[in-house]
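In the part that follows, the structures are each spelled out as C-alpha cells.
Two complexes, one shared chain (chain A), two partners (chain B, chain C).
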Partner chain A sequence: MVMAEGATVVRRNRPGTTAKYIQQNIRSDCSNIEKIMEPPEGQDEGVWKYEHLRQFCLELNGLAVKLQTECHPDTCTQMTATEQWIFLCAAHKTPKECPAIDYTRHTLDGAACLLNSNKYFPSRVSIKESSVAKLGSVCRRIYRIFSHAYFHHRQIFDTYENETFLCHRFTRFVMKYNLMSKDNLIVPILEEEEEEEEEGGQNPSTGESEA
Partner chain B sequence: MDEHAGPGVFFNNNNSSSSSSPLLQAGGRGAAADSDGGEAGRAQYSIPGILHFLQHEWARFEVERAQWEVERAELQAQVAFLHGERKGQENLKKDLVRRIKMLEYALKQERAKYHKLKYGTELNLGEMKAPSFDSEEANEKETSGSLNNQLSWKQGRQLLRQYLQEVGYTDTILDVKSQRVKALLGLAGDGTGDRSGQEPLLNGTDTDPLALGPLSDSSSVLEAFFIESAAAEFSDEDDEEDSEGKEKTIVDSRTVSRSDDPDAEEALKDFDFLSNTEDMDTSPESRSAGDGTDWEKDRQAWDVDQGLITKLKEQYRKERKGKKGVKRPNRTKLQDMLANLRDTEEPSSLQPSITPPPRPNANRFNEHDSSHTDEVEAITFPPSSGKAFIIGTEEAMETGELGLGELAGLTVANEADNLAYDISNNKDALRKTWNPKFTLRSHFDGIRGLAFHPVEPVLITASEDHTLKMWNLQKTTPAKKNASLDVEPIYTFRAHRGAVLCVVMSNTGEQCYSGGLDGTIQCWNTPSPNIDPYDSYQPSVLRGALCGHTDAVWGLVHSSAHQRLLSCSADGTVRLWNASNPQAALAVFNENKDLGLPSSVDLVCSDPAYMVTSFNNGRIGLFNMETRQQVLNMESTVESGASCQINKVLSHPTLPITITAQEDRHIKFYDNNTGKLIHSMVAHLDAVTSLAVDPNGLYLMSGSHDCSIRLWNLENKTCIQEFTAHRKKFDESIHDVAFHPSKCYIASAGADSLAKVFV
Partner chain C sequence: MCGGKMEGNGAPGNNKQKPILPKNRGEFIRNQRKDSEGFSEAPDLEFEYADSDKWAAELSELYSYTEGPEFQLNRKCFEEDFQTHVEGKRWVELDAVQHRAHAMRLLDGLDVTGREKRLKVARAILYMAQGTFSDCGSEAEVQHWIRYNVFLLLDVGTFTALVELLNMEIENSAACSSAVRKPAISLADSTDLRVLLNIMYLMVETIQQDDPADPPEWRASRETFKTELGSPLYNSEPVSVMLFAMVTKFCSGHAPHFPMKKVLLLLWKTILFTLGGFEQLQRLKVCKRVELGLPRLPEDSISVIRSMRAASPPASASDLIEQQQRRTRREHKALIKQENLDAFNEKDPYKADDARDDDDEGDDNDNNESALEAEPFPLERDEVMPPPIPHPPQTDRVSFPKGLPWAPKVREKDIENFLECSRITSFICLLTSHKYISIAEIQIAKEEEFQKTPLSGGEEELELCATELLYQGILPSLPQYMIALLKILLAAAPTSKAKTDSINILADVLPEEMPTTVLQSMKLGVDVNRHKEIIVKAISAILLLLLKHFKLNHIYQFEYMAQHLVFANCIPLILKFFNQNIMSYITAKNSISVLDFPYCVLHDLPELTAESLEAGDNTQFCWRNLFSCINLLRILNKLTKWKHSRTMMLVVFKSAPILKRALKVKQAMMQLYVLKLLKVQTKYLGRQWRKSNMKTMSAIYQKVRHRLNDDWAYGNDLDARPWDFQAEECSLRASIERFNSRRYDKAVGNPEFSPVDNCLQSVLGQKVELPDDFQMNYDLWLEREVFSKPICWEELLQ
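Here is the complex of A and B:
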C-alpha cells in the first residue's frame, strides 16, 4: 500500500480516490489535457479508463443541459452528425430512432446505469477484463453526442468546448487507449491541431461513421 | 282414535316433524285438526296416502334409531372412559394404600429398633409382618371385574392417550414426564424408604400395563401437590397468611382437582409435607382433617429422620423455587387463575387436562402471573398459554433436568410479555431494527440531498454530478450478490450547471425544488412514478429557475401552508419565494451578513410564520417571516471564540423545539420560546451532518461523517440503533438522511455516490 502525503494523495486501496484525483487536476487546469490524461504511478489502467469515462459522462451533463434548450425533437428528429448515418438509440429493447435530445439523454442515462451496475463494474478498485470491452461501446455512443452538437448546434458546442475542452480531451483519451477506431472520430479536432502545428491548410476531411 | 287422526294430521300438517313422541304430538294436533276438519281428513284416506304415511313414519323411526345408536355409542364410549378412569383411581388408591402400609411397616420397624436401642428390650407391638401385596392384588383383581372391564379399561387408556395427543403431548413427553414424576416420587419415597431399607420403591414394583395409568395419576397427584405448594409458596409472602388459610387453599385446590375419593384425599393429606416445608411443624397439627393414623405424632418423635426429611424438603423446595418465575402474585389472584385454568381447560381437553405434568402448570402460573401483573385478562391468554406451555415443556424436556424450569418459565414469561406489548404498542412501527434494503447506484459523484415523495415509494436524490435522479423503490432490478436490491432511476433531472446541493418536494409531491452550486433554484414538475426511464424528453418537467442568489444554495425548505419556498445561500442571504409562481424573491433576510453565512434553514412546524436559521459561526436565529424581523437568537454556547459550524437545523414537528447538528459532533436541543439550550449530547465520532425526524415526532435520525447513522429516542435522548452505511470518501461520508412521511422507509445519501434505503 502506497501512502503519500500532500494534496494529491493516492491511496491505492481506496475507491473513489482516482475520481478525486482526476477532478482535482481538471479543476486546476482543464486545458492541460496531458496532465489530466497522465495516470499516477502504479495506477491500474482499467480503473484509470473507467474513472475517466465516469468523469466524461459527468461533464457531458453540462453539454446536455445546454442542448436541452436548443435541440428540440421537431428540429432534430433523428440522431445524426453528417448526412451519412443515422444513429439508433441502444437503450431500448430494439434499437429505436430517437430524436437527438432523447438519444442524448438515453445514452447518458444508459451509460450511468452501465458504469454503476453491480453486474459489470462491481468494484471501483479493479475492473473485470470482460467489462473493459463495454467501455469501448460506451465511448462510441458518447462520441455521437459530440458529433451531433458539432454539426448541428455549433455555437453551443464551441462555447462549451472553450469552457471545458471536453471534446479534445475525449478524443485524446479514446485514441490513447484505443477505445474507438479512428474513422469514427469525425469531429475535426485533430485536424485543427495539426493545422496549428503545421501552419498548413488542410481541408477537414469529411469522414464516414458507422452506427 | 289417535291412530286414525294420524294420516289426517299428516295431510294438514306442514310443520317438520320432531323426533320426540311424534305419536303424542300427532295425537295432540290430531285433536285440533279434528275440530277443524277432521271429517275432511278422514274422508281423504286412500291407499297411496296410507302407504306414504307408513313410509314416512318408518323413515322417521329409522332416523331416530340412528340417533339412538349414535347416542348409545357415545354413552358407551363415555362408560368405557369412566371405567378406565375409575380403574385408574382405584389403582391410585391401591398404590397409596400400599405405600401407607409400607410406611407403617417401616415405622413399626423403626419404633422397634428405637425401642430396642433405647430400652434394650423388645417392644411388643404385636404382629409385624410385611404387608403382602400379592393377596391384595389378588383381591383387587377379583373385585376389579371381568375381562370386559379390563378391556374397557384398556380402551379408556387408549382414549386418554388420544386426548393427550390432541392436547399436544406426545408419548415421549409423557414418558419423560412420568419418569421425572417417578423420580420425584422415588425421591420422596427414598427419604423414607432408605431407612426402612427393605421395601422396594413403590414405583419400581409397577407392572407394565399399569405403568402409564398410575404414573399419570401419580403425576396428577403430584400436580395437585404442586398447585398446593405453588399456592403455599405464593402465599408465603402474604402477611395476612396463616396456616389455616394455607390449608384452605390446599383443601380448595384439592377439591377442585381431585375427584371424590375420600381415601385418596386422606392419603394425599399426608403428603403435604412436600408442600409445607417451612411450617412443617405446625401444619400437621393445624390440619383439621382427621387422618385416622397416629402418624404425625410418630413423625415428630423421629428427630433424626425429620432432619433428613427437612433437608430433602429444603432441596425440593429449592427446586421448586427455581422453577418459579420472578413474580409472585396474590393468593387470591392465583385462585382466580386456577379457576380460570380449570374453566378454560375444560373445552380444550377433557379429563386428561388434569394429568399434564406439573412443571408446565407451574410455567403457566408464571405466565399467568405476568399476565396478571401486566393487567391483561387471563381469558385472552389461554389460547396462547396452550402453545406456551408446550414450548415450556419441550424446553424442559430437552434439557432433561429438573432445575431448568426457571428457564422454561422465563421463556414463557417473555412470550407473555411480548404478547402484552404487541397488544398495547401496536402502532409503534419504529420499535424494530432497520435493515438495508435498497442501494441506489447511478450517480457519478456524491449525493448531497434526498427527498422522499409524500405518499409514493419514490425518492429524489441530488448529486454533485449536476443531476437529480428520481427512483421508484418498487421497481427493483434483481440483484444477484447482496441481500439489498438494486434500483435504477426512472428519471434524470438535468438543468443545473454545478453540483446540486439540496432538494425538497412539495407536500403533494407534484413539484420539487432543487438548489445548486450555481446559485439557482430549479423548479420541477415531478414526473409520474410509473414513467418509462427511456421515454422521450418532456421539456415541461422543468418549470423554471428561481434566480436571485449569487452563490451556492445550501438549504431549501418548502412550506405547504403558504406555498412558499425558503432558501439559504452562501451569499449570506435567506430568501423567501413564492413556490407556485417562480419569480423574484418575496423577501430577503440577513442581506448584510450580520449573523454570518447561513448553513441551514427550516420552518418552525409548530408555528408556520416563523423560521429558524443556523449559521456557520454557530448561531441560530428565529425569524418571523411576516414581520421580516429576527425574533430570537438562540443561546448557542460558543466557547472562547471557537465557533462551531452548524450543519443542519431542524424543527420538531409538534413541539417547540429546534434541533441542530453540529460540526463538533454534538446534537443540541433548543427551546423555541426561550431560546435556551435544553439538551446537548455527543452524538457521533465525527461531525454530524444531517438530521431527520420521523413523522410522529418520536425519533430522531442523525447522519455523520463517521459513516454511521443513528436513531435516537427523543424522549430519553438515547440511541436506539446505529448502523454503518456508506464508505468514507476523503473525510466525507453521509450528507443527508430522511424519513419517508408515510411509509416505513429511511434513506441516507452518501459521498460515495450511493443512496441507501432501509426498511
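Here is the complex of A and C:
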C-alpha cells in the first residue's frame, strides 16, 4: 500500500484479507469484543460490515448444530422467542410458519446465499451502497436464533456463549452500525454491557451512545 | 429527469408553491378567444397532458371514500405503539436516529405470524407513509413528511418485506377460496391486501417523483430503487410481472377479493417509474436515432402539441338539421319540394344506408346502443362511393403554407409506390428531402438480417434495460395479461352493463353494509363512479406506456403486444367506450373534495348534505377522464397506424360518427388524435361524407401532419380487398413469432444448427443406454470388436 504525499488512500485489500483479519482477532481472544469490532485504519466500512456478518453466519452454524440436539419440530413448532413474538420464515418466496429448527436452518442458508450472491455482492473488495441496506434485514432475522436459543434452550445458549461470546459480539455489532432497533434486542446482554461500561468509562472508539 | 410532471408542484422548497385550496383542481384561465373558424366561442379546456395528475390528486385517488375511516384507524395503531416506546413526544420531535430505530422496530413486527398483529404493524407503517398527518397543519407539511418517512422506510428495507408479504397474500389459498364462495364481496375481504398495496403504492409514487431538493443520499436511493424495482431482483421476476399475475388471477375468478384498482395503480406507477414517462420516452427516442445514425426528428412532438389550439367543434347533427329545417320551412312553396323535403326530414337518422347517415346522429342517443352490438359488421359497400375519378397529383399541395404545426413526412414505401405510378422526377427530390426513416424500419431490417443468417449473423447484443427485462418477464403470458386488462377496462367503462360482467371490480369499494339512507346511497354512487374512472385511467396509462416503450425497444415487441390487443377486441372496445356522451364524461364530477386525502385528515369533516354532494367541485372538467380519453385515442392510433386491415375495422365499425362527436371536446391534443383516426378513414367514407364534413376536413388539413403523396382527401384507392386483411395479420404474426423465438427461445433451436460436441471427456461422459441383447453378449462383442482388432493408439489420441 503506497501512501501518496498528503493524500488519503483508500485501502484496497485483496479479497479475503478482511475476513482473515477478523478471524485472527477472534482466534486470539474471542472475548475481546472491542478489539474484534475495531476496524483497521482505512478500512472500507461497507466491506467491514459485510465480512463481520459473514463471520457471524459461519459461527452461528455452530450454534445451530448444537441446537439440533434439543430443538425439534414437534417441541418447538414455531420460531418464537417470548410468547408475543412468533416469526415467519422469510427465506422462501412466500413467508412460511416454519418450526424453530427449520427457521434456523433456512435463515442461515438464505443469509449465506445472499452474502455469497453475485447479484448483490459481486465483489468483496467494495460493497454497493444498496447492498449494505440488505444487511439490516439479515441481521434482524438472524438475531431471532439467539433469542429463541436464550429463551428456550438456555443451557445450550449459555455454553456456546461462554465459548464464543457470539451474542455479545453480535449485539455490539448491530448497535454500533445501527442495523437493528434496540427494542428488538431482547436477549438481556445490554444490561451487563452497560454495567461494564459504567465501570470502564466512555468507550472512545464507537462514538455511539448506548443509552 | 423522468417522473411525473405535476401541475402546481407543492414540493418542499419549491418556490412555485401555490396555496392549495381543496376545491380547486388548478387555476383555470378563461380564454375568451374568438375562434375565427366557427360559431362556438367556448374557451379551450385548460388541460395540460402529463404523465399523471397533480401530486394530491394522485394520492387521493388511491383511496375510495368508503375507506375514509381507515385513516384514523391507521393513526391509532401507530400512536398506541409509539406511545409505549416514546412517551409524551410527537413524531416530528424525534431526531433521525430515533426515527430510524422506530422504523426498524416496526419492520421487525411485520415478520410475525399472527395476522392481527401483523395488520396492526402494517397500519402503523402505512400511517408513516401517509405522512404522520396528525402532526401536520397543511398539505405542504403532509407532503414533506410523506417524502421523509417514505425514504426512511425504503432505507430500512420495508419494500422488500412488503413484497414478501404480498406474495404470501397472493398465495393465500384459504383467503381465495373463501372469497370465491362468498356471495357478496366487500371491502372487508381485502383489508390486509389493501393496507400492503397502499404502502407499496405510496412508496413507489413518492419516490418516483423527482425532487431536485432531495439530499444526495435520497437521490442515490432513488436510483437504486428504480433499478431494483425493474429487475428480477426482488422476487425472481420484476414486481410488475407479479402484479400482472394478480390481474389474471383476479380475472380468472380465483381471487375475486383482490383490490384491482390498487393493483392497477401500483402497476401503472411501477411501470412509469422503472421505464420512464413521456418526456423520458422522447429523450430515449432522440438518443436512439443518434445511435442508429438517423437524422434528427423534425420537431419535438410534445411541445408542438402543447402549443396547438383546439378547433371549434364541428356542427352537431342536430344543429345541421335545425339549419336545414329553418331554411326549408321558408322555401316550402312547391308541394313537390315539400314531399321531398318531408321525406328527407322524416328519414330515420340511424338507418345505415342513408348517405347522410353520419351527420344525422344527434346528441340524444345516450341510450342508443350502437350498431356495434346489434349488427355483425359487414363492409357496407353502399357507403363506399362510386368509382373514383383519377386526379392528377396537385402540385399546389407541394408547397405548404406557413403555420402548419407538423413537418411533412413520407415513408420509403410511399416513395416506391409513387414511383410505380408516375414519373415526376422533380417531385422525387421533394419527397426525398422530407424522407423520414423511423427506428422501427431499421429494427425490422436488422431482424430480417438475423433471420437470414442465424449462424453467421452473430449474437444479437441485448441491452438489458428495464423495458427489455419487463418484456422478458411478461412474454410467456402476455396474451392473458392483455385479455385481463381489457376485460377490466370493459367492466369499468361507463357504457357497460353490470350484469354482463363475470368479474366484479367493485369489490374494493363496496362497504360491508349497504347504505341505508339516501345520502349514503348518493355518496356510494359517486364513489363507485369515481372508482371505475380511476381504473380506466390506470389501464389506459399502462397500455399506452407499454406500447410506447416496447415500440422504442423493438418494433416486434410492440407488434406482439398490439396484435394481442387487437385479437382481444381492443378496437371495438375503445370505440364502444367513445360511443357515449363524451362531453358529460369529460365534465363528470365524481368526487367529494372534502373527503379527498389529504384534506380529509387536515380538517374536521363537515356534515355531508345532498347539495354538497351534487355540487362536487368547481373544476371545468375531470382531469382523469380527459387523460383517459386521450390515452385511449392514442392507443387506437397506435394499433391502427399503417395497418390496412385494422384501419378498415375502423370503417366497418362505423367509427366516424363516434369520433366526430369526440371532436366536441375543445382540447387540442384530444382533437388531434381524433382527427388522425378520421384522416385515415376519409377516403373510404365517400364523397358525400367528405362534402358534408368540410370543417372536419379542414381541421385535419391544419392539425394533422401531411404525408406527402397521401391521397387521404380524395378516395383514389378504394379497393378494400377484404381477403387481404387476414393475410396481413398472419404474416405479421409469423414475423413476430420468428422474432420471439430467435431472441428468447434458447431451448428450442434447430437441432441441425447446434454445435457438435467434440470434447472427449464430455462425449465419453454421456450416458448411453445399452440394449439388452448387447449386455447379455458383450463378451462376444469385446472379443470380436476389441481384442481381435489392432488399434493404433497414437493416431487415435492425437
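In this section, the second predicted complex is superposed on the first by the 181 of 211 C-alpha atoms of A that agree within 3 Å, B and C clash if a C-alpha of one lies under 4 Å from a C-alpha of the other, contacts with A are read in each partner's own complex, and residues count from 1 in each chain.
Note that in this section contacts are C-beta pairs under 8 Å (C-beta built on N, C-alpha and C of every residue); 3 or more make two chains touch, one makes a residue touch a chain.
Bear in mind that the values here come from a model prediction, so they are computed numbers and not experimental data.
By the touch criterion defined above, A:Phe87 reaches chain C but does not reach chain B.
In the superposed model, more residues of chain A are touched by B than by the other of chain B and chain C. Look at A:Arg140: by the touch rule set out above, it reaches chain C but stays clear of chain B. Residue contacts after overlaying the shared chain place A:Glu129 against chain C, while chain B stays out of touching range.
By the touch criterion stated above, A:Thr159 is placed in contact with neither chain B nor chain C.
Of the two partner chains, chain B is the only one touched by A:Ala64; chain C is not. By the document's definition of touching, of the two partners only chain C reaches A:Asp183; chain B does not.
Contact with both chain B and chain C is seen for A:Lys119 once the two complexes are overlaid on the shared chain. Of the residues of chain A, those at positions 119 touch chain B in one of the two structures and chain C in the other.
Chain A makes touch with chain B in their complex at residues 15-17, 19-20, 54-55, 57-58, 61-62, 64-65, 68, 72-73, 89, 91-92, 98-99, 101-102, 105-106, 108-110, 112-113, 115-119, 122. Taken in their complex, chain C has these residues touching chain A: 85, 97, 100-105, 107-108, 111-114, 155-157, 160-161, 164-165, 167-168, 171, 220-221, 224, 228, 233, 235-236. By the touch criterion given at the top, residues 78, 85-88, 90, 93-95, 97, 119, 128-130, 133-134, 136-137, 140-141, 178, 180-184 of chain A touch chain C in their complex.
Those residues of chain B that touch chain A in the shared complex are 441-445, 465-467, 479-482, 486, 488-489, 492, 494-497, 533-534, 536-537, 539, 542, 727, 729-730, 752-753.
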